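We just call them A, B, C, D, E and F in the order they show up, numbering each chain from 1.
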Amino acid sequence: MSDTFAPVKIFSVTLLFWILLNGALEVDVLLVGAVVAGAITFLLAGSLSFLSGYRLTWESARATLGYLGYFLRELLKANLSLARVVMDPALPVEPAIVKVRTRLKNPVARLLLANSITLTPGTLTVEMKGEWLYVHWVFAKTTDPNVATAEIVADFEKFLEKMYD
Amino acid sequence: MSQIALTCGFILILAGLYGALTNRDILRMIVAFTVANTGVNIVLVAVGYLPGRTAPILDSAVPVAEAAQRIIDPVPQALVLTAIVIGLGITALMLAYAYRLFRLRHSLDISNFTELKW
Amino acid sequence: MNALAILGVMVMTAGAVFLAFAGLGLYRMPDTYTRIQAGTKATTLGTILTLVGAALIMPDWGVKLLLIALFLMFTNPLSSQVLARAAHRAGVPATKESKADALAEDREELA
Amino acid sequence: MSTLMQGLGLVIALATIGAATLAILTRSTVTAVLAAGLVSLLASVLFVVLAAPDVAMTEAAIGSGLTTFLFFFVMGRIRRESEK
Amino acid sequence: MIPKVLISVLLLLLGYAFWTLSVGYAPDTELNRTAAYYAANAESEVGAPNIVTGIIVTWRGLDTLGEVTVLFLTSAIIALVLSQSGGPSGVSGADFLPSGELLTTGARMLVPLIVLFGAYVIMNGHLTPGGGFQGGAILASGVLMALLAEPTRRFGHTAILRIESLSGSFYVLIGLAGMAIAGGFLDNGILPLGQFGTMLSAGAIPLISVLIGLKVGAEFSSILQSLHETEDA
Amino acid sequence: MTDTLLLPAAIAALALAAAFWRFLVGPRPVDRVVAFDGLTIIAITGLVLSALASGRSIYLDVALVYALLSFLGVIVAARYLEGGEQ
């Protein structure tokens, strides 16, 4: 957040959400939106947005698309596996809370990583502290941090590293 | 539809009254009060509802010319809207008093407060 | 009733089925943590599919439905994480089948 | 008034009554507060079915949100006081 | 305690009264005269498509002023009651344990969105469901989210009080201006009605909504704060 | 039109019933909070269905309030229960 564009980023994201909410591109809507977005930028200066720390390059844009596609696929897979477990009369779960490691430093990227982990097959972030993530895993194959990291975190981290600095 | 909602609201009022009269814990009495409050709101909105009509907001779905034939009664809605906001204020006030009483006696049981008993 | 609307109703039905799986998961799972897992994943996808189906039936509403889906995808996992963390801190036990609890081992140094 | 709205209203009304009963009869105060929040939440859906979106919005923002917070704030303070 | 028998008799009587009401209830098929008047004159008199907002802000605006005053009194009384209870000073305001990193980051991202949504609800109060009260409640929820994520953080009590009193005074001033220029107290005709169905239309309704929203939000925030803070000034 | 939506509505009602059962039986307060979370999300589906049935997009604003604010109730309950399940 050392970048000087932080207020501009918050302003533009807020204005974008305003336009989406109103669903109209008229002069008075834009005028009021600019006033509201300016007030939020001024009053809540310490806040973050999706763009804080985002790299504005083509590579990161490609990574964002890849991330979205991968995420949606994983979400669908997560639900299918969950449906299988729930329909199974024997309930084949063997849960464990395992430790995994992450290299990400940017808070927004870390939050996105934790959210993605929560929405992907059988995993749920419980706690995040420093470089360690504590993940509740329904089908725990291993409790070794390195193997679990490769299994749970690595794919998302690859995309997120390119998107945020 | 208005019958269902009316019945639901009445049952909520009765349940809230029962809870407020029989519980001994002050916090539980306040919870029962909020339930009864919601019940009253449901009854009021249900009285304003007319079958087959829609919300009193004019847009492309409800042209101005047909408004009087298409919308439901807006007056009870305005009434309930203010009632909900005031209800939150009352709940906050009761909770503040409950906290005050707790600090005084270190208890939330209503039978410990006997000064005003007659 | 055009083809798009029929597709929309089908997508909505699929979403409702996922919601039903979520409800079933909440009903059947053995302990709090697995219930949180069932409650968060399936409800998110189920509601997103419902919203997509509604957007197919009424294409004019697309932007607002998209916003609802965005907010949901952001807030729902967050609340589940906070809930799981709170459950663990309050000492809610996991099911007997669980294998390991790395967080409980590290709890001392984390505090 | 279509069958869909009728059914939706009936289901929501039944669930509301169930939650209210739980709020009155349960032993634990935490459960009672949560159930009261659920009553507000379901009542808000009922308001939408009754064609009152304004009221539904107020109830959603105030009833199931702020009221629950107030209860838990006061309960947290009381718990800390009694632990001393 | 009141004896159980008495309670059951009372509840049975009430239940019987409610039952007769509910069984014999037949909904009207026509709007009554007041409602029909409101429906017919919403466009020409107040220019607000949302008739409920029209009633609250304009037709029955005086009631709303009274209601906001009641809320103000409530928040003042709560602050008074809690300040007399003489809480232990020096303890930090953390009734809850410190929050984790994820909640803090999430709150920093969500608070602007919640405030933005509150502003949307307030500004569109005359077009879509919403208005000053709902928007104010949403703004207060944003304050609460910030309180939850960082329990030790303090918000400017004086700033909230200033917002509260300033918006209240402007509210009354607009009402008086309506009396002087247009048809009566809180008449929205002091500004042109504008194009029906756009954001900056319906005369003074958006302006009054903003003032109500700020006032209600400030009052709720001050209630939340008095209940949350431990040191009682 | 709205009659075809009866099938998804019925399935969503099943989901509501199952989550509501979990809310009723508990056994722990945390379980009830989990069920509460699920019920708020299912309520969004109910709101979208009623918006479709009455054909008015303004009802979606209420669903937006749910999506943005309902999780606050869950968070405040979770923060309280962190200090012990009383």
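Definition applied: contacts are C-beta pairs under 8 Å (C-beta built on N, C-alpha and C of every residue); 3 or more make two chains touch, one makes a residue touch a chain.
Here's who's who by UniProt: A = Multicomponent Na+:H+ antiporter subunit E; B = Membrane bound protein complex subunit mbxG; C = Multicomponent Na+:H+ antiporter subunit G; E = Multicomponent Na+:H+ antiporter subunit B; F = Membrane bound protein complex subunit mbxB.
The structure presented is a predicted model; accordingly, all values stated were derived computationally and were not measured.
Participant: In this assembly, which chains make contact with subunit A and also with subunit C?
Facilitator: A chain counts here if it touches both subunit A and subunit C, which gives E.
Participant: Based on mean C-alpha positions, I'd like to know which chain lies farthest from subunit B.
Facilitator: A
Participant: Counting C-beta pairs in contact, which chain pair has more, D-F or A-E?
Facilitator: D-F
Participant: Between subunit A and subunit F, what distance separates the C-alpha centroids? Give it in angstrom.
Facilitator: Each chain reduced to its C-alpha mean, subunit A and subunit F end up 23 Å apart.
Participant: Using Cα averages as centroids, what's the distance between subunit D and subunit E in whole Å?
Facilitator: Chain centres of subunit D and subunit E, defined by C-alpha means, are spaced 19 Å apart.
Participant: Between subunit B and subunit D, tell me the centre distance in angstrom, where each centre is the average of that chain's C-alpha atoms.
Facilitator: For subunit B versus subunit D, the centre distance works out to 11 Å.
Participant: When the C-alpha atoms of subunit C and subunit E are each averaged to a single point, how far apart are the two points in Å?
Facilitator: 31
Participant: Spell out, as numbers or ranges, the residues of subunit E touching 2 or more other chains.
Facilitator: 50, 52, 96-97, 99-100, 102-103, 106, 109-110, 113, 117, 121, 128-130, 133-134, 137-138, 141, 144, 220, 223, 227
Participant: List, in ascending order, every residue of subunit B touching at least 2 other chains.
Facilitator: 2, 7, 18, 49, 51, 54-55, 57, 59, 77, 81, 85, 88, 92, 95-96, 99, 103
Participant: Please list all residues of subunit F that touch 2 or more other chains.
Facilitator: As it turns out, subunit F has residues touching two or more other chains at 5, 9, 16, 33, 51, 54, 58-59, 61-62, 64-65, 68-69, 72, 75-76, 79-85.
Participant: Between which chains does touch occur?
Facilitator: Touching chain pairs, listed by label, are A-C, A-E, B-D, B-E, B-F, C-E, C-F, D-E, D-F, E-F.
Participant: For subunit D, which residues are in contact with subunit B within the complex?
Facilitator: Residues 1, 5-6, 9-10, 13, 16-17, 20-21, 23-24, 29, 32-33, 36, 39-40, 43, 46-47, 49-55, 58-59, 62-63, 66-67, 70-71, 74-75, 77-78, 81-82 of subunit D touch subunit B in their complex.
Participant: Which residues of subunit E touch subunit A in the complex?
Facilitator: 100-102, 105-106, 108-109, 111-113, 115-117, 119-120, 123-124, 198-200
Participant: Which of the residues in subunit E end up touching subunit C in this complex?
Facilitator: Residue positions touching the partner: 97, 99-100, 102-103, 106, 109-110, 113.
Participant: Write out the stretch or stretches of subunit B touching subunit D in their complex.
Facilitator: 1-2, 4-5, 7-8, 11-12, 15-16, 18-19, 25, 27-28, 30-32, 34-35, 38-39, 41-42, 45-46, 48-49, 51-55, 57, 72, 77, 80-81, 84-85, 87-88, 91-92, 95-96, 98-99, 102-103, 106, 108
Participant: Report the residues of subunit C in contact with subunit A in the complex, numbered from low to high.
Facilitator: Against subunit A, subunit C makes touches at 18, 21, 24-25, 28-31, 33-34, 36-38, 40-42, 44-46, 63-64, 66-67, 73-74, 77-78, 80-81, 84-85, 88, 94-95, 97-104, 106, 110.
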